[in-house]
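We call the chains A, B, C and D, going by the order they appear; numbering starts again at 1 in every chain.
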Amino acid sequence: MSDSTDQNRQIDLEIEELRAFTRPTSRVTSTALEDRLYKIFPVLDHGFVRVIDYMGDDTSIVQAARVSYGKGTKSVRNDEGLIRYLMRHRHSTPFEMCEIKFHIKLPIFVARQWIRHRTANVNEYSARYSMLDREFYIPAPEHLAAQSDINNQGRGDVLRDEEAAEVLDMLKADAVRSYDRYETLLNERQNGRVINEDKQGLARELARMTLPLSAYTQWYWKVDLHNLNHFLSLRMDPHAQYEIRVFAEVMFDIVRDWVPLTAKAFEDYRVNSFDLSGPMLAAVRRMVRGETVDADNSGLSGREWRELQAALGLSD
Amino acid sequence: MSDSTDQNRQIDLEIEELRAFTRPTSRVTSTALEDRLYKIFPVLDHGFVRVIDYMGDDTSIVQAARVSYGKGTKSVRNDEGLIRYLMRHRHSTPFEMCEIKFHIKLPIFVARQWIRHRTANVNEYSARYSMLDREFYIPAPEHLAAQSDINNQGRGDVLRDEEAAEVLDMLKADAVRSYDRYETLLNERQNGRVINEDKQGLARELARMTLPLSAYTQWYWKVDLHNLNHFLSLRMDPHAQYEIRVFAEVMFDIVRDWVPLTAKAFEDYRVNSFDLSGPMLAAVRRMVRGETVDADNSGLSGREWRELQAALGLSD
Amino acid sequence: MSDSTDQNRQIDLEIEELRAFTRPTSRVTSTALEDRLYKIFPVLDHGFVRVIDYMGDDTSIVQAARVSYGKGTKSVRNDEGLIRYLMRHRHSTPFEMCEIKFHIKLPIFVARQWIRHRTANVNEYSARYSMLDREFYIPAPEHLAAQSDINNQGRGDVLRDEEAAEVLDMLKADAVRSYDRYETLLNERQNGRVINEDKQGLARELARMTLPLSAYTQWYWKVDLHNLNHFLSLRMDPHAQYEIRVFAEVMFDIVRDWVPLTAKAFEDYRVNSFDLSGPMLAAVRRMVRGETVDADNSGLSGREWRELQAALGLSD
Amino acid sequence: MSDSTDQNRQIDLEIEELRAFTRPTSRVTSTALEDRLYKIFPVLDHGFVRVIDYMGDDTSIVQAARVSYGKGTKSVRNDEGLIRYLMRHRHSTPFEMCEIKFHIKLPIFVARQWIRHRTANVNEYSARYSMLDREFYIPAPEHLAAQSDINNQGRGDVLRDEEAAEVLDMLKADAVRSYDRYETLLNERQNGRVINEDKQGLARELARMTLPLSAYTQWYWKVDLHNLNHFLSLRMDPHAQYEIRVFAEVMFDIVRDWVPLTAKAFEDYRVNSFDLSGPMLAAVRRMVRGETVDADNSGLSGREWRELQAALGLSD
């Protein structure tokens, strides 16, 4: 990771200061998350995830649920049981009582997918105010895949060695070239030095548009635990693009430390769950009664039948 | 239904005027919904649902999806297939492209549950500005149920005849009495006549607080189809309180006329679906392979085992 | 305050435990707010506000703004200047980086206004799961006002002594009576004791509807600082109903301790500001040039002219 | 405008069909907006705005307000007066009762600013599913401005002829070059033809990242009138970047046809209004009483004093 600008270095210094000493608090505190606070967890070639702040932990969810349900929660014997009950029955509001704030560095094309999740707070680095860093996402060779033949939005086979090498060369050359061009247009270098005293230089808000979508941006992203789980369930999915999935996986690892009971319930009831449609459920009922159900007599479309087979571990 | 105040009568007249003649439009139009427009569909004893306006229909969802996925949608042969695909894979944004506006009259305790759905637009009748009507929800005898012994938030057996009669008498007497008291505090009757010229009367914003939660209020409620479906899936659920469920059922009936393909997909993939947790899925995989799975060796908690048995139609 | 039920007592105990000792944290900490944490600040006769948790302080806003604007913030010399700049120019996202969680006890008619603010997280005590407390809002005599003659939504003169006494008697008698009736319908007392062994008792979700809107409810309410400020600016306004204004005022007092720089900027640029419309601005321009501007030649409607006169301190 | 792909041509055909004939509706209809429906209003060099659908008009706002305020709205004599009252006092919910759906084609760097407005529905063209068009934003020479010396986020003087010509040449060459590279990486042309049969081609979701932020994307964007006004007030502001401002101006022109009373109130109370801070108001009060107020005795910071002088037309 190369937080190369002065600006970033200054932010780092401030944050290190914050980390250097602790203060007493009466707030709910997660010891495991305190250990992770402010630390940089690298993602992709120049990106990262770090936790800036958080509110609450597993017990905050239980506390909020007890306010809601009063005596109604007495029958659930313990915190874990209650959290699992809430997750299973999609009682989402208690999970909204926890909040986490991340500092994320990510390629712009990933940021464009990410921002579609509207229920979060965002402060993004502005390329109208400041110059972007000389950093671009260049995939590792094993992630250079061809277009999938069967999935319109997915990747197929990894590119063969020679083609992969060519593609990498192109991506690298383009990144260098377009950052050079960005500096030329701005008439300025990252260190603030003007290139040509006789030129005015193009305004930052215009010059940035020559940069490719592989350029890195960064933001503070603050979200409650319910909406974070929703984000993770979509972005940890095998159909999510690899470059956002790796961010989601690092974040889920953090969530596991922060709210271990919730993270386990989330895995059981969201990540590893399978939603049987009405017609699928009818087919499974017949199967467990011992009937022979096949594609033709299942009442399912070909696509749904294959999805069900795969979920039940019955595919060839 | 007794829209008893002048204000309501005036609104009705305005709406009847709107309904009386039609205008040409180039917008997408749902013939079946046009027939329902502005009509009152009664719910409970004094409540109602009516559609005031709408935007889009099933084809609008397809159109929006085609903008998003471009050639990627070519492989889906027809509109129905695409809508079912979107619903199954929780691609929710195309459904947000349809919008509907309802006029709803409902008891305040129902309104309090309803408003928890935050992603909607609301204009509620204000009891600070105007006097509320003399209308209260009195359940039909067959809906007067005792507290459930097993479900902390639910109803159990219907009250026995004699107790039911007593309860009804109490509810009716209380409603009359508290509305009388409301008029006395305001020193005003619904027709605007002052009761006692020598008194000032309490401000409306204070007098209203003596009214019970069974009093009726009304609002305009505007929502997109995705969020309406989410509302319906929660409120048509057997665990939802009867008094809000009947509103949801009337609204779903309207949705069926408006966007029949979406309504069918919603039924198959939301209403009649069953979400297998990871551990449940593991148990079902064993069942369909012919293993004998019981409560003890299922790896499920007692509660989850019973839920699975019920879903698979294996309960006694 | 009378947190009379066992449930509430248990919550109190848990919270006292949390308060009893402190833990070390590397998070941003507000010393002044730590002192207020978990403490009950009474509002109205039985209501309260207490802070359960918080995230960030004034420096978190500055930190987020610096991530956004990079070097662009260098010209603003200090934190206070930057916060005032952000508030003045309605750069709202940095304020969203702070979060606070309140526990609020409030009358239901106040809760109904409050919940209209949709950008917040809420867990409300559920009267489907548990019995409500025997607590009702009875205004102090000096807050028993008549309907305003000039303002359709407001209060006018305070009721004269005799009428005020009568009104208070009625409100008190009704509160007692309706809670007695609630117990009768439930066939249960607050302590859980059944009243009549031969009766079934009405389900909680139905019995509650006989309670008046003056009954107290409670909730956890979590919100970011930007949306809290928006809530406060509307609810601290002199046109807001007194019974919600007093909650807003107590909360603003807490905000002043938590984020003093933001609170001061909020007062200068929101609470004490005045929005000149285009036509008003044209009139003021003429005034400061020395022209005599009156109602007739101002180009303003009568209502706007009076509002402008009042704002400029020129009313009689 | 060059909707060059087959996909776009097909969408156009479908839309022309919709436009070709009208259907009768009982819904509120805006004749002026019907004339604009589906038509393309060009923005920048390849962008556009077109209205796909709408719900409601000025009368819908009045209707919703009357449901809320009941008799309380009687004192406002007419629709225009009521709409102006609602706008002035920031009663925003009635404006949420109107909805509009746009189809927008815009450069990606503009889309990135736009999407920060979270309260809207979006379906964006996906470059994971489909290939983007060969279209890039190249500013007209008169919009090629240097970085402002005084405003960190703004533009200063227009570039001198020679430098402008150089910059344009660079931007054009880069656009052509990077689209060529996009095709090479994909191993495919816009017409679907494969370039080199021996190569696999990089997956679309990866190849897109070489495209610059000046590339065009498109989306359906649906929003209610209150949130549209908020968007317009921020994006029509002189401090907004030119390239998004021109979209906002075209959209406001459409709003003027759709809801003329609301558009006029919006201009008077938002666009042309000026928010006096508490300290500014104090200074103006002294001015209109005839006192001589200058920078030193105004009690304002230098920056605020200059803003006030400018607003009052007192700048030199």
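By our rule, a contact is a pair of C-beta atoms (placed from the backbone, for glycine too) under 8 Å apart; a residue touches a chain by one contact, two chains touch by 3 or more.
The structure displayed is predicted, hence computed values, not measured ones.
K.L.:
Among the remaining chains, which ones contact both subunit B and subunit C?
P.N.:
The shared contacts of subunit B and subunit C, listed by label, come to A, D.
K.L.:
Counting C-beta pairs in contact, which comes out ahead: C-D or A-C?
P.N.:
When the contacts at A-C and C-D are counted, A-C has more.
K.L.:
Let me have the rounded angstrom distance from the C-alpha centre of subunit C over to the C-alpha centre of subunit D, please.
P.N.:
About 34 Å separates the centre of subunit C from that of subunit D.
K.L.:
Averaging over Cα atoms per chain, report the distance between subunit A and subunit D in Å.
P.N.:
That gives a centre separation of 28 Å.
K.L.:
Which positions in subunit A are in touch with at least two other chains?
P.N.:
69, 71-72, 122, 126, 128-129, 152-153, in rising order.
K.L.:
Touching residues of subunit D toward subunit C in the complex: what are they?
P.N.:
Counting only subunit D, the residues touching subunit C are 69, 71-72, 75, 81, 84, 88, 90, 152-153, 234, 267-269, 271-281, 284-285, 287-289, 301, 304, 311-314.
K.L.:
Once bound in the complex, which stretches of subunit C touch subunit A?
P.N.:
Interface residues on the subunit C side: 5-7, 11, 14, 18-19, 21-29, 34, 37-38, 52-56, 60, 63-73, 93-94, 96-97, 99, 101, 103, 121-126, 128-131, 218-220, 222, 224.
K.L.:
In the complex, go through subunit A and note every residue touching subunit D.
P.N.:
Subunit A reaches subunit D through residues 107-109, 111-112, 115-116, 118-119, 122, 126, 128-129, 137, 139, 143-148, 152-157, 159-160, 163, 167, 170-171, 174, 178, 181, 184-186, 199-206, 208-214, 241.
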